[in-house]
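Residue numbering begins at 1 within each chain, and the chains themselves are lettered A, B, C and D in the order written.
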């Protein structure tokens, strides 16, 4: 096969550590709050009339999801670097390689850097945030799906190849990928030691396919679907509970928020840290995306546009 | 509404206690064994070259499912009476009311009585069977879906009304029912104190829609679906895991055995014993059969023919 | 062994159907409410300044637990008969056999009959109660341990033998029993088709050892213990989560309410209806009450006195 | 308080990535196999007459636990570095700081470096191992506790302070610690982004307190305890299932293998990667080690001696 994977970079020039947060624009904060707080169980770290800052039960950081009142779309994907120095090194790296950057002030975050990746994904990087108490053991405060933490995002783009090169250079490790007609169709890229921080899949874009959060166990997926039916929102349960017998191999539930932003819930994932772990290759279409279930057409087709900001 | 429910009979002339077992004919005993024993976790109580006698992990009775080599179909539905005397009283009742009976010898069962209900369902009644050890706590012997016990059967018939009258007379209690166009479309009938021993639903018949077994918890439903995918049998996972927001209100997984006999797996159900419990009325189509999921067309259409024996 | 079990009575003179409810006196209704409603998840059907009427998520009956302000103790154990006629037959039976009866008015219950069993347990019988909606599928209203329904009570008495005879005569079936030094030490008696409605164990009494409620799954036991620790009530988690490798063979968690009334939580139990099911015999001390865990001394020693009313 | 924590080192001279494996000596390989393979569900990657190499269902590496026939004891704790270059840098670092090193050949591992930490813990480092298939989704091959992967080890030592300094220098991050009488009593040290790769607790040593493996969910803890009782090994269930309301805050089950080596099983843990995460401070004895349960004396006292090799 002529597929050529890039050489892993084990000593990147700066240390990106993980997918950190997503900023969505939403049409109705109360509706979004009902979805994310009442039903998914995210916790409100702060709010004002135009913004909700949310975190999972396990998260000590101020937010992993920011909802801003506005024309619906995904505003930005947030990544973490380890230190302020890493942030400066990142800024120089992007400039040198032709990706315009800007420094911005973002509430509750330390110094923050904006840029776009080759796919056009609007990115922001910071080293630290304000902190809040972790609540995972404060079981009396749990509700709904009991979302624990943000895990990864998936972006649809016609530029999967360029994305792979860009993130690989910065030390992202390829954990799984899909090959179709001798082209790379999908890549799982990770820094934090499980299969993915950011995933790119072939398609018209850039658009955000979904944000994935962890939940404590398989049973939470079934309970969550029940809660949506009881809330009169059965139509927002898009796909699952089922299991990917496809990249990731995880159990899942996909939901659509009131603005159509897709959320994946899944229990914990496998660890992948050692360099002898070869990327797992999948040949499309020889796998079962929903195991025993067929994804609805919208799951392939729909995604959130990135906003022009 | 002109719907008239029959008056409950609290002191029936004889004591039918529960749905007990089902006899299926299957084309290939090895294939059926792989399905029921390896994947569902039923236990083999006995077998010979033409028959498999199976029970659930919780069952002390010899069998709740009998598989016989033959032209695929459902041969018979088994019910229990409490005592031998109840069996004689049942026989006289059926004769008196115009349902021909016969006494038969059935391996591993005490004296057994055959008849047909108004829908044409071939029935058999016995008071006792041989016993085998209950294995629910012998966790080292559990496998697959860990089926615990048979719970109920569902029959498709154009004669729902006549079935309701027939079983009501024998002391069955109506727990839930569906009304459609001012006719009774579906009835849940029970003797053992949960919503159903036998269910009748409107449609061409008599045919057996499904046999339902209990599993220990919600998670078992997801695990079972995984096992079917891994065994190359994803196509036999027909519907679910999901939840009926419709009669029964139970979580479920529907599977098709190698001959197309349908099996429902579900965790435990609510208790209904007291006479102040009014039957729960549902108005079709104002409910969600799969909660957030849509049943596939075959789930409505397909069922097992009863064999001519 | 000279142990003689009574002959089962399959056609009792009247139909007792199940253990129905317990009436406790408690020192502080707010404290009891915090325990039973906030932590166990029972639902308030009614309340006034001196009484709380509670039911489980699965129960359509008005109450399975009544808490009255007063000197702490167990006031009464409630059982159900099927019909009003059964209640009259029961009254005559008790009178004839030397157990004084009285008719009483009990709020939210139909006509109610009081008597005492040979052990001295204060009993009440009724056929019906007011009803309330079942909430088991209204998952948004669930909290704490998500108690589903009352299952059984256990009484400590020096008169296990007499109790066995008394309940056997009324059609209770012996499902499991413990023999110690050639005497019957403990009996599980049931009407509703699982191992127990009422259990008697040898000891100074009569006293109520515990009331047992069902919870949806094993995981609920662990979650409940967490909730008690978080509420500063770790000392009220008495024993478990563990499993009886002893009569019942069930997983369990024992809790002590603010007045020392003991509650058992357990997931669902095996079905036992058929008359070929022989009572399961246990020889003390050849079993492991807590499986891998040792019961604390208080679990053997402490129980709630019955009140003099 | 005069407690002084060391300054975190964000750019260590070489990259240690995680706790990798443990080598135990055991008296009877068949007995150990029954414990680790039949009951815990670890998978045999290789074996010969004197050694068993085991891995968890999620692990792609050849082994996380090596059992060698011999005088019972813990032979060595294995850690991973990212690359071969990191291994050379580690070797120079240890030499320079006075910790003698040696290069050894270890079956199924790449080039391996031996040394001892200040506590006296025998360590080995390697960058890579042979690989084996991950089996976490091959649900038909799962058994027993379904152990997924090694997570961390805990060492008892009188030299907690020196251990903290040693590992901190190499880039380990302090996630939680216990202070008692103004001394640091226990430290959780991590590289892989959850609370611990290696833990040091005050006490006579160095000795290995336990090896911790992850299991898929809370329910697995209860099932595992059942399996031990059924196997006649109830006495090897030492503590739990319960929850630490103490460092880590995790649910747990502690087991003792046939040679007394302690194993902790626990479901997944919280993520801690960002540098704004301050180490969580606990003041002894103001916490509840077993939540609602009291640890048995042996849990404090007993640990595996490290072998003299």
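In the analysis below, a contact is a pair of C-beta atoms (placed from the backbone, for glycine too) under 8 Å apart; a residue touches a chain by one contact, two chains touch by 3 or more.
On a predicted model such as this, the values are computed, not experimentally measured, just so you know.
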Relative to chain A, chain with the most remote C-alpha centre: C
Pair joined by more contacting C-beta pairs (C-D or B-C): B-C
Chain A and chain C, separation of their C-alpha mean positions in angstrom: 50
Centroid spacing, where centroids are CA-atom means, of chain C and chain D in whole angstrom: 45
Averaged-CA centre spacing for the pair chain C and chain B, given as whole angstrom: 30
Per-residue overlap in chain A, given as positions that touch at least 2 other chains: 137, 217-219, 223, 226, 243, 245
Residue ranges of chain A in contact with chain D within the complex: 10, 15, 17-18, 58-61, 80, 82-83, 127-131, 134, 136-137, 148-149, 192-193, 216-219, 243, 245, 249, 267-268, 270-278
Residues of chain A touching chain B in the complex: 217-219, 221-223, 225-226, 228-229, 234-235, 237, 241-243, 245, 251, 288, 291-293
Complex contacts: residues of chain C adjacent to chain A: 137-140, 217, 219, 223, 226-227, 230-231
